[in-house]
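Only one structure is covered here, and it is reproduced in the block below.
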Amino acid sequence: MIALLIRDFRLAMRAGGGFGLGLAFFLIVVTLVPFGVGPQSTLLATIAPGILWLGALLACLLSLDRIFALDWEDGSLDLLATSPLPMEALVTIKALAHWLTTGLPLVLAAPVFALLLNMPTEGYRPLIISLLLGTPALSVIGTFGAALTVGLKRGGLLLSLLVLPLYVPTLIFGAEMARRGAEGFDTTTPLLMLAGITCGTIALLPFASAAVLRVNLR
Amino acid sequence: MNLNALWEYANPKKFIQTTDRVLPWVAGLAALSLVFGLIWGFFFTPEDYRQGSTVKIIYLHVPSALMAINAWMMMLVTSLVWIVRRHHVSALAARAAAPVGMVMTVIALITGAIWGQPMWGTWWAWDPRLTSFLILFLFYLGYIALWEAIENDDTAADLTSILCLVGSVFALLSRYAVNFWNQGLHQGASLSLDKEENVADVFWYPLLVCIAGFALLFIALVLLRTRTEIRARRMRVLLARERMGA
Amino acid sequence: MGLTVSDLTIARGGIRVLEGLSFALGAGQALVLRGPNGVGKTTLLRTIAGLQPPVSGRVKVPADALVYAGHADGIKATLTVRENLGFWAQAFGNSDITGAMEAFQLAPLGERPAGALSAGQKRRLGLARLLVTGRKIWVLDEPTVSLDVEAVAMFASAVRAHLAGGGLAVIATHIDLGLSEAQVLDVGPFKAKPLEHDDFDGAFL
């Protein structure tokens, strides 16, 4: 299991774009927002939590189709399926690798981007906690979507169409928590809900992902 | 009745034979109750003292909204049947129901907007229920797109079934999430046990007829579309067999 | 250790391709599958490997004893030869790759990124993977594609050593590997006959 994680990590480092691409995309989104809505710092501060969450979500989405597509093309997926690694573990590792290379850098970079958007400083902590809690769910759900569309030639667009509705609960609670935090309200309820959704998806969704991957390998 | 006898209808041939007999009746009844219910509702009920004539859109709005959700439920059940018992008709029925459910969702959204304009003064508000239906629409869209994208019929049936299962859980989650996110302006459920509070009898009876009409219409459309799917599938198989030189 | 296939019927894309297949292999035995293109050799091998379910019949394989090698080698272009092989060794719970490197003369290429290899060298790397898995049953689909004569000989001796060590192999190939001890099975005669139109399930199939 560790071997697969290390390999995926190495691949992400060497192929370039593993770490960088998602972050760059995040930066571009954050840069473009003021051009779209105007430079007033009060307005930016109000919408900052939502923009940051949306940006993180889209950056996550961007790299989803790479989770299985490359292994599918070069036949690794067939070989991994006959290896001692259970399929459920395989998809979990893949999701973890995706989170480590995409989600975690986004979480770490979020304060810098929050600064760009004039977010009040007391909102930083809830923002980071919400992203830290929420992005693993995004990766796990995304892995399910990637497993669904792995055999398809033009799976990219379909993948977004399938995954984005599944992101709704995570986005709602995550952004709500960040927003409440920035406005100085109590964040306990969305925090608990977000944690619940993340734990639930991590616990259950790998079984669905493994099932669809098996179907797709037939 | 022996429950096992039910599975006989999962045989496509038997299904076609049975629906041959049933379909005209269901379709006829649907047309009858819809015409009757809608005319009754639109022309022979008094105007609401607060909402005026706009309230009459409930004869379209409520039944279509109900069917939008029930269609997804039906897809969930047939998907489960496919996963557990692997009856092709079941998977094809789920496939057949999806566009019908999607159209019902669109009708509910549009009539909601038309009703909302005079009531709330806006065509669209991010009210939890409207938002939930928009999300439901997206789920239908993804489900149908996945069916269309996959060439192998069995693979498509497997994948869409699992998507339907997972989607149902997330749709439910979204429903509660959306409720939490915005408390909303929607009136309470129009259909509940304490109906007198919400809808008076004069509106209630024609509404019931309309709901029955929509349900029958849904069943008729799904039966019709399932028959088409079965025949289309059979044609694909025959063509494939011809290519194989059988 | 053994592989038993009994009365197997398999399908590709919902169409039955082969039916009534039975064979049994014991330790040290090899089976070479022959048959025209598109007859269903790949489907058969994937079914044996457990990647797809049979329509009917049984494949009996001991748990965790099988390794499959298909048309693609599962090689990552940005990893070196040694890293590629090392990963597969670890994935199957082993660590020693020197034997495999030597058997396919990959040692001089060890530090080269796999993307820089020629097609034949990549194939050798893909075959070396079989050795590092330590699995007893090899299921190989056209293993000699893009190999030169010398590399084919390397492969044949690797198979022979594997069989001598109590392993077994099922190989779909068109060329003569010079494995005199291998049984040959022509799958052509097992081509599935179409079902009657109104069979069960209203004859989709």
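Each chain gets a letter, A, B and C, in the order it is written, and its residues are counted from 1.
Here, a contact is a pair of C-beta atoms (placed from the backbone, for glycine too) under 8 Å apart; a residue touches a chain by one contact, two chains touch by 3 or more.
This one's a predicted model, so the numbers in the text were calculated from it and none came from an experiment.
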Closest chain to the centre of mass proxy, which here is the mean CA position: A
Most distant chain from chain B, judged by the mean position of its C-alpha atoms: C
Inter-centroid spacing, chain C versus chain B (mean Cα positions, whole Å): 48
Between chain C and chain A, distance of the C-alpha-averaged centres to the nearest whole Å: 37
Chain A-chain B separation of Cα centroids, rounded to whole Å: 32
Where chain A touches two or more other chains, by residue: 218
Complex contact set, residues of chain B against chain A: 135, 138-139, 141-142, 145-146, 149-150, 155, 158-159, 162-163, 165-167, 170-171, 173-174, 176-178, 180-181
Residue ranges of chain C in contact with chain B within the complex: 13-15, 193-194, 198, 200-205
Chain A contact footprint on chain C (complex, rising order): 46, 49-53, 64, 66-76, 78-79, 83, 87-88, 90-93, 129, 133
List of chain A residues in touch with chain C within their complex: 2-4, 6-7, 10-11, 14-15, 71, 73-85, 217-218
Complex interface listing, chain B residues touching chain C: 11-16, 87-88, 151-154, 230, 233-234, 237, 240-241, 244, 246
